[in-house]
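Before I ask anything, let me first share the structure, which is written out below as structure tokens.
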Amino acid sequence: MSFLELAWTILPKLLTGAVVTIELTIIAITMGILLGIPVALGRVYGNKLIYIICTFFVEIIRGTPLLTQLFILYFGLPSVGIMLSPFVAAMIGMGINSAAYQAEYFRGAIQSVKKEQLIAAYSLGMKQNQAIQHIVLPQMFRLVIPSWSNELIYLLKYSSMAYMIQAPEIMSQGRLIASRNFRTFEVFIVVALIYLILVLIISKLLDLMERRFRIPGL
Amino acid sequence: MNQLFIIWQAMPSLMSGTLVTINLTIYFLVIGFMLGILLALGRVYGPSYLQLLIIIPFERFFRAVPALVLLFLFYFGSSFFHINLSAFMAAVLAMGLRSAAYQSEIFRGAIQSIGIEQMKAAQSLGMNIWQAVRYVILPQALRLSIPSWANEYAVVLKDSSLAYAVGVTELLRQGRYIVARTFGNALLVYTVCALIYFILVFMGNQLLRFLEEKYKIPGYELKQRREQSVLERI
Amino acid sequence: MPKVILKVENIYKSYGKLTVLKGISFQVNQGETTVIIGPSGTGKSTLLTCINQLTPPDKGHIWLEETEITNPETNINMIRSSIGMVFQLFNLFTHLTVLDNVRLGLIVVKKIPKDRATNICLEKLKLVGLVDKIDAYPAELSGGQQQRVSIARALAMNPKLILFDEPTSALDPELIGEVLNVMIKLAESGMTMVVVSHEMGFARAVANDIIFMENGVIVEEGKPDILFHHPQNPRTREFLHKITELYGGKSE
């Protein structure tokens, strides 16, 4: 069987894996936003204790490999009686990991909203939480888009690590196919191409989105 | 306490794994550095055909394809093309070239932000492009790159754990062996591994911060800080 | 018979559809100072960068003494090391001390040994009045000091000709004087100079020749007394009128 024929026959199975890849990515980035924004707010506006906890979280997660975090969740937790399925472990691992990085991006975006704007808000009589809600957050969401787009692509690529804890994403499918036809190299060329195409398409879409939501003049 | 004893006994294996991890990281970074600078110079000063046909596709490919896939491609590709390549070398090639793609972006940004005026000044004295790059552009660009490069260091160190997948006995794989050998508490063992990674990342960042201070251009950082606060708004 | 240092003949330069230089020709004799004046954006800077081929002209010829710069066979780096250039934004090498800035060209391009190079540099730095700053870095100096260092850097190469591209336009008003004084000293000592500038006082003091450029062509050329007091072309008259309004008719 030539390479193209091989690619054609294995495509359907690989695509089922790709669907899982995309699912993992979307869930992880959503968890990242939901957890990341509070952590970012905690680091900027929180009191000393909250700041320390949030910083601790961010530094530890960002300072250790994702793979190790996945191992801890999937292989480690059973030692204390918590059994997670591969998909769930991957979800939680990637979600927490993304949250730590997104917290930093959101923090950067929050801090780049100039203090003078807050002073103007207070001089109008707003309280701190009103100022945050109406002035800081709207700008934060738009300023963070470039980093956030990066994060989405990053997650898409790093979902490949879920293979190592036996999650049924595209890498696992590839390995399964290769174990039967022994044409491992060619199978993974196809896998690589699928990733390439996914990344290119999503990059293009994110580009368009970025252009639409950019704050004019900034 | 039994668990801690297991960890204590396992320290030699963990340390040898750590050494392999450090070894891998150094290889990745050095290959990435040397190739990265060449690619960056090619992007800024090279002819368009070189950029379009070789450099840009290289970067696009090595940045879009996940590290794990690259690892597999090099590892299984070597036997496909009948080249004898150890797992270690496959990892070094795959991750080294990948790091080159990322580092070239870092250096390209730094070179371009130095600005075309410095190149004009150097050329107006009669320097050719190589002399200008060597004595004027690179010394400034490298200093400017240190913060982003520190980030790349952390990424490469953490990604070295992927070499596990092709059988390299680095830190994480050692952890696996220890858990298997001793029926040790997996949670504890992997947490210790995570801790070791964290210490390595931390120490590396401290070293880079020290270098940044040492080679700082006097007076320049005030201008940089002013520029940075403008950049932050963008 | 005065020696011709620079001869520019029929230079054309376009950027895409925009033609910036439309047939510029002039000459500069040894020891003379030519000042080029004119509205911004009319190609004056481009003309200077054409002379040392930083931006190669599309058409036309340029000679430095007997060597044709525009000839593709000529070693352009050797030519550049004989032509000094002083930029509007100084363009000092930020990672090097003042002394290293002035010395770099000598060591790397002219291959002069370090000791002799250092002596030459100290001499030139004395000329511009900055010997006490040899270990300082550019970012620690004022604009006027940086520009004087860049003049020393050009001088150290022992050039046959120095090109000045609006050397004082980026300086705060109180710093302009120190740079102009150095330039006047240079002109009086016999250096061949081509200066693009708005500083009319400087032009009146030391220029041997004034060229008024507008829209990529030379509108009028002549000795300062004649051009300033009895301009022939109405556009020259218009421009000079605008400039004296702006600069308050500075006298040096």
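Here the chain labels run A, B and C in written order, and each chain numbers its own residues starting at 1.
One rule holds for everything that comes next: contacts are C-beta pairs under 8 Å (C-beta built on N, C-alpha and C of every residue); 3 or more make two chains touch, one makes a residue touch a chain.
All values derive from a computational prediction rather than experimental measurement.
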Contact graph of the chains (line, ring, star, complete, other): line
Busiest interface, counted in C-beta pairs: A-B
Chain closest to the middle, measuring from C-alpha centroids that were averaged per chain: B
Farthest chain relative to chain C (centres taken as mean CA coordinates): A
CA centroid of chain B to CA centroid of chain C, Å: 45
Cα-centroid distance, chain A relative to chain C, in whole angstrom: 55
Between chain B and chain A, distance of the C-alpha-averaged centres to the nearest whole Å: 21
Two or more partner chains touched - positions in chain B: none
Chain B - residues contacting chain C, complex: 117-118, 120-128, 131, 135-136, 139-140, 143, 217-220, 222-223
Chain B residues within the chain A interface of the complex: 60-61, 64-70, 72-73, 76-77, 79-80, 154, 158-159, 161-162, 164-165, 172, 175, 179, 185-191, 193-195, 197-198, 201-202, 232-234
Chain B-facing residues of chain C, complex: 49, 52, 54, 77-85, 87, 89, 91-95, 104-105, 108-110, 137-140, 150, 153, 157
Of chain A, residues touching chain B in the complex: 60, 62-69, 71-72, 75-80, 108, 111-112, 114, 157-161, 163-164, 171, 178, 184-186, 188-189, 191-192, 195-196, 199-200, 218
